[in-house]
Structure formats: structure tokens, C-alpha cells
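Let me begin by handing over the structure; questions about it come next.
Which chain is which? They are A, B, C, D, E and F, in the order written, and residues in each are numbered from 1.
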Amino acid sequence: MRVTVSRKAHFNSAHRLYRKDWSMEKNNSVFGKCNNPNYHGHNYELIASVTGEIDVETGFVLDVKILKNIIKEEVEDAFDHKNLNLDVPEFENLNPTVENIAVVIHKKIKSRLASNLDLEVVLYETPRNFVTYSG
Amino acid sequence: MRVTVSRKAHFNSAHRLYRKDWSMEKNNSVFGKCNNPNYHGHNYELIASVTGEIDVETGFVLDVKILKNIIKEEVEDAFDHKNLNLDVPEFENLNPTVENIAVVIHKKIKSRLASNLDLEVVLYETPRNFVTYSG
Amino acid sequence: MRVTVSRKAHFNSAHRLYRKDWSMEKNNSVFGKCNNPNYHGHNYELIASVTGEIDVETGFVLDVKILKNIIKEEVEDAFDHKNLNLDVPEFENLNPTVENIAVVIHKKIKSRLASNLDLEVVLYETPRNFVTYSG
Amino acid sequence: MRVTVSRKAHFNSAHRLYRKDWSMEKNNSVFGKCNNPNYHGHNYELIASVTGEIDVETGFVLDVKILKNIIKEEVEDAFDHKNLNLDVPEFENLNPTVENIAVVIHKKIKSRLASNLDLEVVLYETPRNFVTYSG
Amino acid sequence: MRVTVSRKAHFNSAHRLYRKDWSMEKNNSVFGKCNNPNYHGHNYELIASVTGEIDVETGFVLDVKILKNIIKEEVEDAFDHKNLNLDVPEFENLNPTVENIAVVIHKKIKSRLASNLDLEVVLYETPRNFVTYSG
Amino acid sequence: MRVTVSRKAHFNSAHRLYRKDWSMEKNNSVFGKCNNPNYHGHNYELIASVTGEIDVETGFVLDVKILKNIIKEEVEDAFDHKNLNLDVPEFENLNPTVENIAVVIHKKIKSRLASNLDLEVVLYETPRNFVTYSG
């Protein structure tokens, strides 16, 4: 019986969409107001969903407290109240679009899970825009 | 790396569930109060989700502004503040159940997307009732 | 100790904003697309809030089941799956703006409450537009 | 055209996570404060999603009123305002983790659906923790 | 410039509505299924709102971290994963209706605030039922 | 009959809490991680509520499209995808706490309303923290 266990979390970050190797003009034409050199920001809402077998002893797929702690260490401590472009090494040379942030988060959480567990990450940049990545 | 990009939108419409080729009695027995001849209405909430590869240059699957515009032109301009039965050609001979509306929306948005992109449509008729269609 | 007890409810209706005594042109200039002669509709969300003293015996201001039943009889049974302009007598000669609907609902519920209870009505026409009326 | 029809519902229950065959000490170390012998409780929010072909006559996959009634009889009447450990036979010897509750609900609703319909259950224990089970 | 600062929090508890000095019959007739002797439970959502002058130096009415900590110590640590009737001294002889719980929470938080600050407590027992108390 | 008409809007901004005339040490001790020199950010959600008499001709307190446009011009165009500290003149010498942002927004919208209309501003910095200001 494979069940998916999901946990919501959030972090508040500044970011800017642009490529260092493009002109300001080209960045503006592709990224528009998201390329504000002074940055803008979001309350990111994250749903991390782990799929696996129910442990017949405990009735858990995994203890949600463990998932909560992994999210805290890998995502909240690393991204919350940070400037994604300047403060987070993964985005030094990677444009922090919500797609790329989701892929980075997926990699970080997945590395902490037992290999028989699957992971899906849903990341809301705003209540109206979000992405889903399953690896 | 295939990622899904989702965008929420909404439209407010009147509709009535019934078949012209059925008697009022039969329509009432199948569709109940949804067959009010004077119509009722809903705030439809739409989530359009597009799945494709991340463009390594931009970090986008597709620019969400493009998706927002497609939804505006294909769905909001066509359905918002309209009577689905009387004002929307697709429902002239098609009962506007939330299932059928979702299929029509899927067809309209899909026709505007590159062929390598997949589309899923979630349509809320009320906060408690919704449907999902992936083509 | 005066406490306010609130109950949420909802109804789905069609309506049209216009005045019978105005020309189509004037109605269009004031009410825009809300004056679609074929109607449009909404999922109205209602919060009815009753303020009074806590009964020291029961610990209730009023039993929320009573409030739920009053809302059902006065609002849901009267408005749900109806065309407000055509099916609801209160709007035969009253434009069903969300302001006017809230005032009508307030009057209907207030008439069912003990006179020492105050009532506030919040009515959402969409998740983004709502009104508040306290009598 | 396979479409998924989803319906939300809710129930409010007390429960306690523990195994009768474990010591209090072991139960505490695994289940923490969820093992309070006096119980705690939740507002469970349920989304039951049924997938099948659209009936070309009615435009329904299934009438959502039917799904609403099945949920009422199988879930709300059985679980609402109950103590899951003491009042619900399915959990007499099964730890009522949200995973196990979802599996029990899936089994109960599935038994009431035509065999050509698929079912997915999403169960929120809190707004931040939820599980998904598809059988 | 008086501004109100609000903070949301939550706790999950079991409870039962009844009076020890009433017969089971009378408790059932007044409190219905809320009088289940085995208890039921809720995810309570709390909004604590503090009103005062903006400090011109900091731009804060009060640091929301302080309010968050007061809520944690006075409410979450005391009520979360507890049985309100059995584990919380304030309800030993007080029926834990949502009205009474709000009054108790108001008293506990208010005692920790400077006397020039006003407090309003909103307490959701379910997403559809909530109360408001301002002292 | 005084009724309150409310409209929701949103903007996404970067900001940093600090005083230029304080040392980094003092700013850190008061504002903690909100004083990140590289900024962080939020999806601010705004509810602007205007109270006045219902116009008996139109049934409106004010046309919500007018309120929507005022919010767009005064708030969204000025704050969205901006760095509040660097890009918004009002915060050149004013710490952009959510309290101060709400006061600034109130002043800007109020200046556009007829003098017989009252205004309340609710501003969410996160889904868990928000402020209310009525002038």
C-alpha cells in the first residue's frame, strides 16, 4: 500500500530573474519587471510529498516530524529571509526561476530520503503561480 | 527535467444543466435544481498546468505571462460574465456540466501550446466540487 | 462577556445588474459587463456573525446549529440555484448588487434573532470582492 | 474522455496514536505527544476524486450528489464527532495514523463505486499535513 | 497612529461539550453529538490581534516574534495535543465551548501584554465556525 | 445604510528592516534576520475596505472597478516587483515594517476617495502576519 505523505512549509526571499551574461536590454525583454536590479520578493509556499509503503508497525510512511525537520534544515534555514541570488550558493550561476528553485529543493530533500521513497515538490511563488517537479 | 507550471484564473458565469431534447420532467429528475430555467451561476476557478522541459537559457518551461495571456484570450474573454448556455457557442448543443466545460477549456488552451507541452486543467465549480482533465 | 459567533455558508446564483427604468445604453455605461441581459453568476460566500452575552449555563452565545438553520431557511433555500432578478421577490425592484444583497440578507436573518443579539453580515461575491453590513 | 470528479468533505474526530502491544515508553518515543492517553483531535478535510468516462447523455462522470451521499454515509456518519480509537471498529486494532485512515476511507468509498471508476483519496489531518492514496 | 498587529497560530485538541451537573439525557438534548463521552476534536486556528501605537523608532506596534512567543507559551504549549476537558485546568469546571475557549485565551494573552495594548481573539473551531472576543 | 465594500489585491516586493542611523549590531538585535543587507521579500496581500452610504440609484457604495483602479495606481504600480527601501520614495527614511507600509497605503488610497468615505487597510506580510489600519 503506497501512500503519499505531504507537508507544507514556507520561506520568504528576495530574488531577481536575469542572466549575468546577457545585456540589461535582453534581460528586460525576457524577464520584464522580474529583472529589477534592486530585487523583489515572495512568500514561497512549499509542499513536499513523499511516497512509500506504510510501515505496518507504526502506520507511518515516514514520521512527518522527520520530513518537517529535513525541510527546515535543507530549505528554510537555507532560503528563508535570504536573497536567493546573493545568499544561496546554488543560484550563483543559476537563474532563480520558480522552476529552478523547485529542482534545487527537490535535489536537496531527495538526498536526505531513503532511496525507496519518491519525492514530489510543489512550489508556489504566488498564490496564483506554482510549479511541480517529481525528479 | 520536466517541470509543470501552473497558473490560476477565474471567471463568473451563469449556466443551466439540461438537454433540449429531454422533457422538463426528465431534466428535473436528472439535474434537479441545476435545471432552473432562469439559470444559476458560479465563480469558476481554473488551474491550467503545462508540463515540459526547462529551457536551460531562461530557466522557464514557458513564461507564465504567455500562459496568463492564453487563458485570458481563450477562457476569460470567452466565458467571464457570460451565460454559458446562451452566449458561448461551444455549449449551444453541449450540456455545460463542469466536466464538459473542463474538456472545452482544455481543447482551447491546448490548441495554443507547442505540441511538446502537456496540459492539465483543473476546474472548480464551487470550492467543494471540481474536476481534472488531462486530454 | 459579549462574544461574536460566526457561521459561514454559501449559495450559487445568477444575477444581472441593471435598472428597468434606464436605457440599455445607460445600464451598460454604469454596470458594464455585469449588465449582460443573459445574466452571469457567482458562488456567494456568506459569514453571519451574531454578538451577545455568553449563556453561563451552556457556554453558548447561541447554538451554532440554530444559526445554521436560520441561514438555511432565510438565505440558502431562498437564493441558492436561483436567478436573483427573476426568482427572488426582494429583487424584483431592487438592483442585486452585492451591497443590496447583503442588506436583504441582514434584514432576513435579523428578524429571526432575539432582539438583544447584534448581527453583522459579510458577503463575498468573489474571493476578491466582498461587503460588510451591520444594520 | 476520462475526467476526474472531486468532492470535498470534512469530519471532526478525536484520536490517539499508539499500539496496545507496546509499552507507554515505546509509544511515547515513537508517537510523542500524539500518544496523549486522553486523546487530541483534528478537523479532517477529505477530497474524494473519482475518475471515469464522461456519460455523453448527461455530461457527468457521476452525479456529484451521489458521491456526496456516499461520503456522508461511509465517512461522515461513521467518523464525525467520534473517537476514532474507541468508536470506529476499523481502528480497534489499527493505529489511526492519517495514512491508515486514508486507506480505510478509500476501501469504504471504493466498495460503493462501479468497478470501472477509479478513486483517489486525499486526507488533510491539518492544513499543513495530508496524505494521498489511490488504492 | 493606532495599528492592529495580528498573528495566526493553531492547536489540535480533543474536547467534549457537557456539564457534569446535568444528566446524560439533558447534555444530549443541548449538546447533541458534541457530547460524545469518548470526545471528538478539532484543529483550532487562532488569530490574536494586538492594537497600539506604532513605535516611531522601530516602526513596530510590537515585535511579532514577541506575540508569537506569548501565543506559544500561553496557548500552544497549554492546549496543543491535549484533551481540553481532562488536561487543561481552566476547563475543569468550565464547558469548553469555542466561546469559553476564546475567553480563556484572551485572558491568558492579555495578562502578558502591556496595559496600553488592546487585544482581540478570533478562534476558529472549524473553517465554518468561529468566534471573536475583545474583552 | 452604511455598507463596507472590500477589494483584495497583491504585490510582490523586497525589503529590509533597519535604521540607517543605527549600527549593524543594533539593527540585528532589534530586527534579526529581517535586517539581511541583501534583502528578503514577501507577497503582500492587501484588503482595502471603503465604508459609505449605498447610492439608491445604482445600489453601489462605490463601483468596485474604481476602487480596483485606485489600488492599481497607488499601490500595485508603485510597489509591485520593487525594492521598498530603494525604489519607493515613501520608505527612503521610513522603516518598511508592515505597520508603516499599511499607514502609507492608507494615506495614498484615502487621498483618492471622496471625503465622506471611510477607509480601512488590512495588509498581510505573510499568511500568518498581518496588520489593520483605519486612519
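Here, a contact is a pair of C-beta atoms (placed from the backbone, for glycine too) under 8 Å apart; a residue touches a chain by one contact, two chains touch by 3 or more.
For clarity, every value in this text was computed on a predicted model and none was experimentally measured.
**Student:** Return the chain whose centre of C-alpha atoms lies at maximal distance from the corresponding centre of chain D.
**Tutor:** It is F.
**Student:** Taking mean CA positions as centres, which chain lies farthest from chain A?
**Tutor:** Of all the other chains, the one whose centre lies farthest from chain A is C.
**Student:** Nearest whole angstrom, what separates the Cα centre of chain E from the Cα centre of chain F?
**Tutor:** 29
**Student:** On a C-alpha centroid basis, what's the spacing between chain D and chain F, in Å?
**Tutor:** Measuring from centre to centre gives 41 Å for this pair.
**Student:** Tell me, which residues of chain E touch at least two other chains?
**Tutor:** Residues 127 of chain E each touch two or more of the other chains.
**Student:** Tell me the shape of the graph of touching chains, choosing from line, ring, star, complete and other.
**Tutor:** Shape = other; not a path, cycle, star or full graph.
**Student:** Name the touching chain pairs, would you?
**Tutor:** Result of the pairwise touch check is A-B, A-D, A-F, B-C, B-D, C-E, C-F, D-E, E-F.
**Student:** For chain A, which residues are in contact with chain F within the complex?
**Tutor:** 10, 12-15, 33-34, 36, 38-43, 45, 80-83, 86-87, 126-127
**Student:** What residues on chain E touch chain C, complex-wise?
**Tutor:** 17, 19, 30-32, 94-100, 102-103, 127-133
**Student:** Could you list, by residue number, the parts of chain F that touch chain C in their complex?
**Tutor:** Those in contact with chain C are residues 1, 3-9, 49, 54, 57-61, 63-65.
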